[in-house]
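A quick write-up on the structure given underneath.
Letters are used for the chains, namely A, B and C, taken in the order the chains are written, and counting of residues starts over at 1 for each.
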Amino acid sequence: MTLLAVERMKLFSTRSPWWCTAIALAITIGFGALMSGTSNAASPMNVAATQFGYTFGLVVVMVMAALAITTEYRFSTIRATFLAVPNRPTALLAKTAVVAILAGIVGELCAFGSWGISKLIKSSADLGIDTAYEWRAVAGVGLVYAIAAVIAVGVGVLVRHSAGAIALLLIYTNLVEGLVTLIPTIGPKIHRWLPFNMSNAFITGDADITTRPINEGPPPAEAGLGPWPALLYFAAFAVVVLVIAITTAKRRDA
Amino acid sequence: MIEAVGLTKRYGKTLAVDNLSFSVPTGRVTGFLGPNGAGKSTTMRMILGLDTPTGGSALIDGKRYRDLHQPLRTVGALLDAKWVHPNRSARAHLQWMAKSNKLPARRVDEVLEIVGLTAVAGKRAGGFSLGMSQRLGIAAALLGDPQVLLFDEPVNGLDPEGILWIRKFMHRLADEGRTVFVSSHLLSEMALTAQELVVIGRGKLISQSSTEDFVAQATENTVRVRSPQLAVLRGALGRLGANLRDEGENLVVSGMDCADIGELAAREGVVLHELSPQRGSLEEAFMQLTGDSVEYHTELTDGQTPATLVPAGK
Amino acid sequence: MTTLLATERIKLFTTRSPWWSALLALGLTIGMAVMVALNHGGNNPLRVEHSQFGIQFGLMIITVMAALAITTEYRFATIRTTFQAVPNRSGVLLAKCVVVAVLAGVLGEIAAFGSWAVARMIDSSPELAISTGDDLRMVAGAGLVFALAAVLSVAVGVLVRQSAGALSILLIWPLLVENLVALIPNVGRDIQDWMPFINAGRFLNPVPEAPQSPWGSLLYFAGVTAALLIAALVVANKRDA
């Protein structure tokens, strides 16, 4: 518990979490406003469509999470941390927990903020959160952000350099997974099992994607699993990354 | 010759350098003295055109740094030994600098030799110890064989041998007729290295003088007297206009030396148990001068005389 | 200027990042071409554009390399050593842009022609020959796009000064923002037509509905780059190093 408090103090006494939170909120909510402001009868507003900006918030939160650990290496405060708490797994787990919780909260704020502003702008639209799909699309954002933050912390521990970690995370999530689909025949099959596609499936995928029109919300993901198993798969991937990272950190000189 | 005229630098609310004017003469080592945060590094950055002054100017031989053609040939500087890419070798670091000012490539090996880094020239600079980094920085400063040299806290983190080396090195540079401007927050170090001193505190000039004058001014020579007949002696000394101060059982006299006091005591028939010259601590004096200048002024306006420091002739 | 170029060339090649960037950019781009060529089914023939699917990998990695070339100077304060050696800040930064752009351009050409060549070795389909002007532009044009993107990255690096910030902007913008805007109802597509990296992409892979010609698109990308570069130079001259 003390450790969590320590990590919380460390996180909030630097500027990057504040910046990242502000940027994530501004862009996702801004996007929600833009979507609802420009919607009309031809492309009506719905709950899913308020969350178009969620991928943007996702990458910003991952940058924040990666920086939370890479800046410790950059300024060698990781040594001070390991001096204070020689049990490295505990220290890193505490940090991961704090970052993940912050990411989750930011995710919920982004999601409900985008939804709320859309409701304000387009009060006429049907924006009630009723179905399981709609609940996932909005409230699920925080879960995905939290798990993605765990992955980002893991990558940060492994790579240790801000530039490297950020480049890796951003290029992987935004480019590699998409480009894989361009490989003929096997590409789309591989893509169905890639972690961020799975997280996307949790937010956007119905068990039966034909039940909703494509233009409603972010394009549905073609994943190998249904929404909740997909989220579990994503979480399992995060755990694997984190375990590898912590094992590495234990062996390595700080 | 470096000349600062009304140099001022403001960072937001902080006034780092406040209307600072001084000159650094040729052929001498000039110390730039001030406590942490006094604005020494900021002043040096402005001299080198890295930071733009909010007001005033700094000129090197009458020119702004930015107007110098191939400036490394005129001015060499070591502001921070860590301003090196950690993955670049020492030699590569000097090579690009040499190239940028069209200096011959062999000059790189020459300066590496001078600072004694030849053996590790191919190693990455990030792995250097502080002393080695400092030497690499000095090599970079010497690259263009410049007439003017600036060093910011060059002995920081050096061992005694390194400190001695730098001290001798600077004297040699000055003896060769170069202008050497070196900052420090240690007066004791500067008293040994510098011939001239520019002293600042909180961005303001406190004094510019030769080191001897500064030391003489800043430290008060006193004599401690112990005697069973202190009252008699006190009266006699008072009539001669000496400055007197009680220190427990003893009397501390300033403005007279041991011989004068001893003779006076003999004339008055006063028994002395102790008569010993005292030398004020340089560091103490420096703290008084540069420390909290506000506090210093308050003491004066309160009509009190500061206990240890009464600058002679002021 | 030749002195400045030589200086910047020494600086770039005496650190490790250009080397591993080059390796990574070429490896990923050409590796992608191999994957595509190997897995291509027989129904529709492999065309030149299929061999170029991986080019965006290379582009993003070169963007990272170019941004790091300047942000690491700020990170390690060698920018101060640099401006101390050469107070002509615009000259220094322009020289850096040229050196980084030339490297990027060369890597772009190698990546594009390399991808095409390996695809050709794996698959002998006649469609894979560079026969039209469009084909040639698609392959040979990569170097131009890489070079301009490198200059744009240096400019952003000068403005932002921090690796983390610069990379976040330079990766999130083309990969995410430019794609997301298209989703905005009604106006999204029109806005997207004026996104710099979309235009760079359309120079290589023209789309019929684009308002500009391929070369017009490239010119637009160059214009955005030039504007950012000018802003960067103005700021660098004003700011404390």
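In the analysis below, a contact is a pair of C-beta atoms (placed from the backbone, for glycine too) under 8 Å apart; a residue touches a chain by one contact, two chains touch by 3 or more.
Quantities reported herein were computed from a predicted structural model and do not represent experimental measurements.
**Student:** In graph terms, nodes being chains and edges touches, is this line, ring, star, complete or other?
**Tutor:** Graph shape here is a line: each chain touches the next, no loop.
**Student:** Tell me which chain's centre, taken as the mean of its C-alpha atoms, is farthest from chain C.
**Tutor:** Computed centres place B farthest from chain C.
**Student:** What whole-Å value do you get for the distance between chain A and chain B if each is reduced to the mean of its CA atoms?
**Tutor:** Measuring from centre to centre gives 54 Å for this pair.
**Student:** Using CA atom averages as chain centres, what separation in Å is found between chain B and chain C?
**Tutor:** From the centre of chain B to the centre of chain C is 50 Å.
**Student:** Approximately how many whole Å separate the CA-defined centres of chain A and chain C?
**Tutor:** 27
**Student:** Report the residues of chain B in contact with chain C in the complex, numbered from low to high.
**Tutor:** 45, 48-52, 65-68, 71-72, 77, 79-80, 82-89, 92-93, 95-97, 99-102, 140
**Student:** Of all residues in chain C, which touch chain B in the complex?
**Tutor:** On the chain C side, the touching residues are 3-4, 6-8, 10-11, 14-16, 72-73, 76-78, 80-88, 238, 240-241.
**Student:** Given the complex with chain A, which residues does chain C contribute to the contact?
**Tutor:** Its residues touching chain A are 32, 35-36, 39-41, 53-54, 56-57, 60-61, 64, 68, 71, 163-164, 167-168, 171-172, 175-177, 180, 183-188.
**Student:** Enumerate the contact residues on chain A facing chain C in the complex.
**Tutor:** Touch residues, chain A against chain C: 16, 31, 34-35, 38-40, 42-43, 52-53, 55-56, 59-60, 63, 67, 70, 162-163, 166-167, 170-171, 174-176, 179, 182-187, 218.
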